[in-house]
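Submitted below is the structure of interest, expressed as structure tokens.
Here the chain labels run A, B, C, D and E in written order, and each chain numbers its own residues starting at 1.
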Amino acid sequence: EDITEFRIGLLGGENAQDRMNNNECLRAKTEELLGVPTKLFAPADYNGVIQGLLGGTIDMAWLGASGYAKTYLSDPEAVEPILVKVNVDGGYGYYSVGFARKDAGIEDLEAMKGKVFGFGDPNSTSGFLIPSIEIPEATGSTMTSGDYFGEVKFTGGHEQTIVAVYNGDIDAGVTWADGLGEWEDGYNSGALRRAVDAGLVDMNELVQIWQSKPIPEGPVVLRKDLPEDVKVKFTALMASLPSIDPDCAYGVLAGEAKGLQPIGHDAYEVIIEARKLKSN
Amino acid sequence: MSIAANEGDFLKVQADRHFSRKKMVSFGMPALVLAYLTYIFFSFDIPGLAQRIDADNARSLVADSYSYKTHVTRDNRSGEISAAIEGERKGTYAEGTAPEWVTLGDTETVIDLGDGHVVTFGADNFVSYDVPGYGLITAQPSRAKGVQAVFPTDEVPEWINASKNRMAITTEAGRLTVTRNRTEVFRYFMGWELFFFTLDSPYHGLGFGEVMARALGGEAADVWQDFWTNKMWRHQDVAWAIFETILMAFLGTMGAAIVALPLAFLAAKNFSPFVVVRQVTRRFFDFFRGVDALIWTIILSRAFGPGPLTGALAILITDTGSFGKMFSEALENVDQKQIEGIQSTGAKPLQRYRFGVIPQVTPVLLSQILYYLESNTRSATIIGAITGGGIGLMLTQAIITQKDWEEVSYYIVLIILMVMAMDWFSGWLRRKLIAGDDSGR
Amino acid sequence: MTELTGSVTDFRAEYMAQVRRKRVMNGIILVIFIALMVSGFMIADDRNAGGFWDGLSRFFDFPKEVLGEALGKLDEMPAHFVKFLPSLIETINIAGASTLIGAMSAIVLSLLSTRGMAKWPRMIGFFRRIMDIMRAMPEIVIALVLIFVMGGGPVPAMIAIAFHTAGALGKLFSEVNENASLKPIEGLQSVGATWSQRMWLGVIPQVAPNYFSYALLRFEINIRASAILGFVGAGGIGYELKNAMSWGKGQYDEALAIFILLFATIVIVDQLSSVVRERLTHGKTSATMEKASV
Amino acid sequence: MLRIEDLTKSFGPNVAVDAANIEVNQPAMIGIIGRSGAGKSTLLRMLNCLTEATSGQIVFDGREITALKGAEKRRWQSACAMIFQQFNLVPRMDVVSNVLHGTLNKRSTMATMFNLFPQEDIHRAIDILDRLGIAEHGPKRAEALSGGQQQRVAIARALMQDPKIILADEPIASLDPMNAQVVMQSLRQIHEEDGRMVIANLHTLDTARRYCDRVIGMRDGRIVFDGTPEQLTTGVARDIYGADDSFSEAATSTEIQTLDRPEAAQVVA
Amino acid sequence: MLRIEDLTKSFGPNVAVDAANIEVNQPAMIGIIGRSGAGKSTLLRMLNCLTEATSGQIVFDGREITALKGAEKRRWQSACAMIFQQFNLVPRMDVVSNVLHGTLNKRSTMATMFNLFPQEDIHRAIDILDRLGIAEHGPKRAEALSGGQQQRVAIARALMQDPKIILADEPIASLDPMNAQVVMQSLRQIHEEDGRMVIANLHTLDTARRYCDRVIGMRDGRIVFDGTPEQLTTGVARDIYGADDSFSEAATSTEIQTLDRPEAAQVVA
């Protein structure tokens, strides 16, 4: 069967229109390649894209690892991972980092006892899933409000977490970073770096209090129902994007990247297990 | 005229009692309100909030909403210097160009922040900032040794924030940030820069008269094109978003009215003889209304994906409940005489409804529908923020990224204007249609 | 009965012209309306990720998924209800406080903008515009801005809803005021009463039942509003719902529990307020009799 | 022509019309009198099939009306026009449209849904309005007219049905004396000129006497008098109304000149 | 006591009161007559400071009333009670509360907001109501009373103010003759027993003649008559009302027995 339309879902984290603009080149190339109208959709949160993939109203998206796990757990037949972004250093992992205000005198998890701790979006790997598993391992108690931390809440996203910590609304939070470069720059890439670039925070006033083990970068996924030739063509296009149009790749992949490499479902088993663990 | 003394006393005692009761009531109500508000005061932790409230945020919000900043940045690894409005890629000055207050040189770049504040980027990442009334601050960032800042006084004032690897100087003229990788200067200006044309447009920087003159001189299409596709303010996208929002409200409201009208007959006592049908229909209405547009939006976005149609359908379903309830109440209040009059001529049931019922209820229904049209414009803004579409999404995203406050205020103004316009329009239509409706004069 | 045969033909012609005019007008309006609906639908369908007709068959996918999981864990439901009750109370409190504050501001605003009652008659237009702007402001706009300034929690939501409520109720209240008699006010003025005495003793007793009825209706609307604002970070049951919903499978039972709580609250308040309002507006005469016969 | 046989209508235990028998053999103008609650309206409503009879039958030109259903019933209703005390017009619609409603039974549902009436109907409606002297009000909304004018619009609607019978349920009860006279004269004229049967519930004796060929008196659902106006003496009237000696006919009169009429004084005496 | 000097009020080009001069040296009961639009109400409203004068002044006991502002003005208003044609009570409040409103100016705003009236005020209110014969209606809502009773409540409120002057703007125009008499008698009684000045706009000559010590006639804003009731002949009345010879005093009368009074016939003649 043929498709009449190709729909690309864009994950949150940036101004909706910026996302649209950054991905416009990909849309044009795909339209040219597949010969069907191609559209971009930027729902308000992670869940919007996931629901779109599950409902069959979105054909392609670049998910986070946890988002992929959620999609898989809801319906294993919905999507398949095709590619993953490779960092400039050759790896395809990043970290969840915990941070707090320097003047609050908090330097490690120990000092967070009884304080307010913030996650980002529940569907975020680095903003919730991984820290919600690894931090209890480190502290030896659960993440329930009042158990170790005084209160645990969701801020809604990476940007909100950073601003909330910076403003002192919460004592510490987690977000993602590539772990490369300098802390005072907010690392080479990640949510902190973006906040610094935007002039939102002064890294001198923040300290890192925790860092996770490496987290696999989220996959670019396609809907399984798509015709085989569409999958092949699109995968080829994506994979060659950094070489044929680096500017476009910079926008689509949200920063410098070495390239994309194929990846399968197996790479995410760990995350899926972790996520299962979190579901009661 | 006078009444017996004891009777008068009785009346007085009665009145005293009456007034002490009134006193209780007049104290009781405010006391209840006060007690509740006190409870709210503590349960919402307002004292704590007063401490947490961040005046800086408010200030930056207000300042940002009517001003913009231009960044001049040097990459300390490559030595490249770039200037960009709001530090955004789309606001970047072309290679080798800069605003007139930045003097680009081969080795030395002089940035005049105004009021005597001058920042100089020298060779080997050297940077100096001459602050009037304070002195010259210099720094020489390097990977090995950090920022190496030198201040004219021993005591560092609080507007300077310095550590080994980072230095930030904030003055009323602008801000200088130096890290090992980057040296960056902000200068603030009033207004919404690039609102009409971006830097790459030939019309940027021209006066209104000049642009008009060139537009009239045959370049109207180009002028419009440059304005309409402005990458910074995205007038086209904003227009589409507002249109989408109004579209959601319109489709939702009208669709709901069309669906609800026949159903309302089933729920009206005087038109639906079967109690069961009536009750079932009413419970459906309650359900549609009770579930709320918010949840319908979530349910529907699985089936229909993000976009305006989903929002419209969510409004449609919720309002079918509201309209169904209101319409059936209106139907229950119809004047039976008119229907009987039509019935006595041997009219068929449909005709009976058409002439006996519809003319009676149209004014009521129309004014309800139009009232909802206005209020749904507001709902559509909110639904858009959740389901992904329209001006609501643009607004929430702009707020979440927390930097483009001028865009935020622009969207807020547009939203208020949009809602007020819809309010005005629905009021106008209501007066027009109800005064001279289809059959009257 | 009349011999005005000549003029009857005139009437005929005149009326036929009128009928034709009206038919054309109605036709045009109908065509425009249908065209707007159809093209609007097509545009919306086109700009939506999923199409309308494809989506219809998937309508129940999501409810099925939620119910499928939740029904398997029915025994945990009561615990969930207890768990989320505090958030529900917070949501209701946001609605209650904002309705109260909004209504109190609305009373003052509406009095200031009604002819014959205004303290400063020249400012009537100004206060009306203020109310228009307050009314036009969607709650979410204010809430998001305030969350930025003061962090998440119930207060931004309360302020945002109260702000909008003041405008919306202010308009309704001033319509009520317009129908109130000015005579008592003049009567009180003639005894040398101050403005607040005139308003409190002369106007409020006349309009209180209508005010109360509108405020109740608003309370119901505000419960929904505060649930929605929770969705964007303002606390309460909306926040819990969003978290449970976006986690998805594994927490759908919680999502359903929250949903049931919210739905039940809305329905109960809706029914209660319609009963009370019915009493207030229709039972007025009997209340008068009762009072009068004391 | 019209035969009513043992027609009965009960509402629960309450018998509104009790075994009524009436036979009419030629188009006549018949007045039905009786005090409030006597069953006059119920009788008329059964004739128009607005209310179903409990037992007994109505036969018109050999057809049993009481047994009709659906389209057949509606056809009968259209042949048997009804005029109401409260006019029962559609107040927000214009006068001509209201008159055109008289043709609803003959026209297709679809066309009428969109207010599409044939031009000849419209012309006929205007002619009828003209005959009743209110053609110039044609384009106005019905609600803009005075009571007497509205009742004439209702009569016009009835005429538009081109009915065999016109039923009028207290057509002048809501009208002032001046308008009452105009309306009764219109009804009489229609009866005389077109030869249609007119059955009118009336609540004043003198109106019945003055305009009707035949008067039927009801009391507690039963027909207690059936005769010519001449036979309707004050004694009989007292009987119908169940009144005692203080009964004064003048008190019920709507005639403008009542006070000057010798009979009035006579009755009071 | 009261001196009105060249008092003028214009509404745009329209002069409602035109250079009125009145001097009153002792508490009298004064009636102001004149046809509709003569400026009677405007004059009274200026006295109570409900309307601002355009020019001229009002002086009471040496104080210039027209210049008062704010709290001073309200104090004057409280010393100068006003009774309205439409009573202007708070209909949904009980009678005693309405009477207590007369003390608003003397009590603090906060206290009155919470219905805190001192007990002695409440008792005085009941005494006043009792004096006017309506004490037993005290707990009822004002709207539940008849017009005459409501007007007496208004008078009670005025008395509650313990005013130096009572102004009454057509106090009996909304009342039936029976009630009118009761109200006028109450006003007269207050004047006689308490020695308060009463100024009443009246629209009937006979009332003015019967109850007042002094009558002022206005026409087109000007004062055209000022004298005793005896001086108010039919000729003068015609002048005030600008009526022609067909003017009949009886036509304006509210007296119950007018038709039987010989004078009435005489005037008509």
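Note that a residue touches a chain if its C-beta (ideal position, glycine included) is under 8 Å from a C-beta of that chain, and two chains touch if they have at least 3 such contacts.
No experiment lies behind these values; they were computed from the predicted model shown.
Peer 1: Looking at the contacts, which chains touch chain B and chain D alike?
Peer 2: Both chain B and chain D are touched by C, going by the contact rule given at the top.
Peer 1: Can you give the shortest number of steps from chain A to chain B, where adjacent chains in the path must touch?
Peer 2: The least step count works out to 1.
Peer 1: When you take the mean of every protein CA atom shown, which chain's own CA mean is nearest to it?
Peer 2: C
Peer 1: Computing the C-alpha centre of each chain, which chain sits at the greatest distance from chain B?
Peer 2: Chain D.
Peer 1: What are the two chains with the top count of C-beta contact pairs?
Peer 2: Greatest count of contact pairs is found between chains B-C.
Peer 1: Compute the centre of every chain as the mean of its C-alpha atoms, then state which one is farthest from the centre of chain E.
Peer 2: A
Peer 1: Between chain A and chain C, what's the gap in Å when you average each chain's C-alpha atoms?
Peer 2: So the centroids are 38 Å from each other.
Peer 1: How big is the gap, in whole Å, between where the Cα atoms of chain A centre and where those of chain E centre?
Peer 2: 82
Peer 1: Could you give the separation in Å between the centres of chain B and chain E, each centre being the mean of its C-alpha atoms?
Peer 2: Between these chains, centre-to-centre, one finds 57 Å.
Peer 1: Would you kindly tell me how far, in whole Å, the mean C-alpha position of chain D lies from that of chain A?
Peer 2: About 82 Å separates the centre of chain A from that of chain D.
Peer 1: Find every residue in chain E that makes contact with two or more other chains and list them.
Peer 2: In chain E, 94, 97, 113, 139 touch at least two other chains.
Peer 1: At least two other chains touched by the same residue of chain C: list those residues.
Peer 2: Residues 26, 48-50, 55, 58, 61-62, 148, 151, 232, 245, 294 of chain C each touch two or more of the other chains.
Peer 1: Give the residues of chain B touching no fewer than two other chains, as numbers and ranges.
Peer 2: Where chain B meets two or more other chains at a single residue, that happens at 18, 52, 54, 57, 302-307, 385-386, 396, 402, 438.
Peer 1: Each pair of chains that touch: what are they?
Peer 2: A-B, A-C, B-C, B-D, B-E, C-D, C-E
Peer 1: Quick one: in the complex, what on chain C touches chain D?
Peer 2: So the residues of chain C touching chain D come out as 1-2, 4, 7-8, 11-12, 14-16, 18-19, 23, 26.
Peer 1: Hey, which residues of chain C end up touching chain B in the complex?
Peer 2: 22, 26, 33, 36-37, 40-41, 43-45, 47-52, 55-56, 58-59, 61-63, 90, 93, 96-97, 100-101, 132-133, 135-141, 144-145, 148-151, 153-155, 158, 224, 227-228, 231-232, 238, 241, 245, 259, 262-263, 266-267, 270, 294
Peer 1: Touching chain E in the complex: which residues of chain B?
Peer 2: Against chain E, the touching part of chain B is residues 1-3, 8, 11-12, 14-16, 18-19, 22-23, 25-27, 30.
Peer 1: Please output the residues of chain B touching chain C within their complex, sorted ascending.
Peer 2: Touch residues, chain B against chain C: 18, 33, 36-37, 40, 43-46, 49, 52-54, 57-58, 61, 244, 247-248, 250-251, 254-255, 286, 289-295, 298-300, 302-310, 312, 378, 381-382, 385-386, 389, 392, 395-396, 399, 402, 408, 412, 415-416, 419-420, 423, 438.
Peer 1: What does chain E use to touch chain C in their complex?
Peer 2: 48, 50, 73-78, 81-82, 84, 86-94, 97, 101-102, 104-105, 109, 112-113, 139-141, 143-144, 154, 157, 161
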